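Listed after this line are the structures, all set down as structure tokens.
Common to both upcoming complexes is subunit A, partnered first by subunit B, then by subunit C.
And now, the complex of A and B:
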């Protein structure tokens, strides 16, 4: 028995999106079960199955150091806050 | 979409519809209690397809009026149904239920092939639609069988379940009185019973020789089995609460 991750795509509109997972004894059975469980209402017209044990998973230690680097965020909030402060100073003088 | 057919051809089509209707109901009753979640969804989905196929045929006979379709599906007297005893059989054994799905859908392929070039053109359309869905039913059964038959214990249980169903399966091939006229007028390409040997070859190629036993006494599908009445009572459970209710 393997666990399979299910990905669906609507042609021309979306990227493949994770829809869920299922357990099955063989690849063929997994495909049939995915068809009946995830696309019986035409939720997608393309279907990928990926065996979970084939997914290459990152070690949390590999990812963690990047959680504390605000200088890499380009959302402009620091600049916006500075400009707002300057506008407020101009209005009050 | 309604077809204008003789009483004999109507009876022939009703037999197909009634088998589909009851098979769909039987599958649907497994929702929530199949051995694992994936199969729960798949089995119920297949059951819904079967009900849909029955509805297409009832609609051919009763027209677009929902009340007329419902009446045809649910309100006939026991003598007026034309189901075979295989689809009426009550079971709480999932192996039997699954074996019946395999046997029924394998036989169903022969049945629909016989009407795929029917002189009733609307029936050709229904047959094409049904086959588009049925091939996935067979794929489901075959892929599951690959797994079950590879395991000695599962294989024994499955073969035992087929043995339980084998006599009733012969009843699926028993014609209604109207079949002869349906064949004579080209509604069907031939009698379903002529497909029996090919059906048996398919089944036995998979699981070895089967002791088919004696066919049930169905009197050209006019006799209901003991399990039919409780099954119909479950199907009518809500309707029967208030027969005058408007839906």
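And now, the complex of A and C:
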């Protein structure tokens, strides 16, 4: 018996999304049970099953520093301020 | 890969800020136990409800209704599957242990599944009144539930419960426009099911209810119960039925219905497995589990058979 994580996707409009999990003895049985448990009403037209013990989970410490990289963002306010200043200069000359 | 909190105060402040707990977080044990018990009871109720629904497949009048009962049965059993998975992932009990406890009468399921559905009218009343009460409770949990895996699975469950409630209203309207005998059958069912459906919400929430404090429930029991009363009393009356509450009154000024004092003894009896149909239902669920063992065994064997 293995636990499988279920990912569904619909119509190419979104990413695969995690929908839940189930236990099954084989990949084939997991596929049938996923269809019966998660896709009875066309909730998706693509299905991925991933065995839970194959999922590689990131340590938060590895990911956390990426919240602290201001040089990877630009909210545009400095550009807007400069643009406004240039416009004002142009108007006054 | 897990989050930890220094103490309960830090954890509660995380929850108050709208924090969502995930399965691999180091949640306080009291929280883990309370959330698990709540999900386990929900899972048990879906299974017990699904078995009742299944009993009615051969007895449901007409092919159209019969097919909808088939679909509903599969939904309820499916919800059981989803919820037992979420509960088992909390690593307090395995799925097998939860089922063993259920069949041994050691764990709880909703009061309404401790009664017998005698007529088709009962099935209509259950789908109309009970499913609406269960849906209202689930929506109030979904709205602000702090346990992520439960909240996400509730989204799917709620959309399917909406289908059941609409089926119930459809059936109720048909029976309300039916013959005098049909109306009598539904009134009889209403007399049996009105109070259990209302009691599903439970007595007034206690001030120290941890499920409210930890953002599992987002609404107090009495508030949800009152909303249900305000919706269903006038609706039943408009279809020509009598609400079986002798002390029913209407407050003109507040514009609100009052069903009078509520006797909570029947609810307490069901929670102690002492409802009118508790023993038969539990035994039937246990027998069903034994009768279907060969299917599970065959699936397990599939893993050992070379392709």
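In the analysis below, the second predicted complex is superposed on the first by the 70 of 93 C-alpha atoms of A that agree within 3 Å, B and C clash if a C-alpha of one lies under 4 Å from a C-alpha of the other, contacts with A are read in each partner's own complex, and residues count from 1 in each chain.
Definition applied: a contact is a pair of C-beta atoms (placed from the backbone, for glycine too) under 8 Å apart; a residue touches a chain by one contact, two chains touch by 3 or more.
If you're wondering where the values come from, they're calculated on a predicted model, not measured in any experiment.
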Subject >> Partners on subunit A (subunit B, subunit C) - clash or fit >> reply: clash
Subject >> Most subunit A residues touched (candidates subunit B, subunit C) >> reply: C
Original post:
Can A:45 be said to touch subunit B (first), subunit C (second), both, or neither?
Top reply: neither
**OP:** Go through the superposed model and pick first if A:35 touches only subunit B, second if only subunit C, both, or neither.
**Re:** first
Original post:
When the two structures are overlaid on chain A, which partner does A:22 contact: first (subunit B), second (subunit C), both, or neither?
Top reply: both
Subject >> Superposition clash, subunit B versus subunit C, among 92-100, 164-172 or 218-226 >> reply: 92-100
Original post:
Of the residues on subunit A, which ones does subunit B touch that subunit C also touches?
Top reply: 22-26, 28-29, 33, 36-37, 40
**OP:** Spell out the residues on subunit A that touch subunit B in their complex, using ranges where they run on.
**Re:** 22-26, 28-29, 32-33, 35-37, 40
Original post:
Which residues of subunit C touch subunit A in their complex?
Top reply: 1, 3, 24, 71, 74-75, 78, 81-82, 85-86, 89, 95, 152-153, 156, 160, 299-303
**OP:** Spell out the residues on subunit B that touch subunit A in their complex, using ranges where they run on.
**Re:** 36-39, 41-42, 45-46, 136, 139-140, 143-144, 146-147
Subject >> Of subunit A, residues touching subunit C in the complex >> reply: 1, 18-26, 28-29, 33, 36-38, 40-41, 43, 57-60
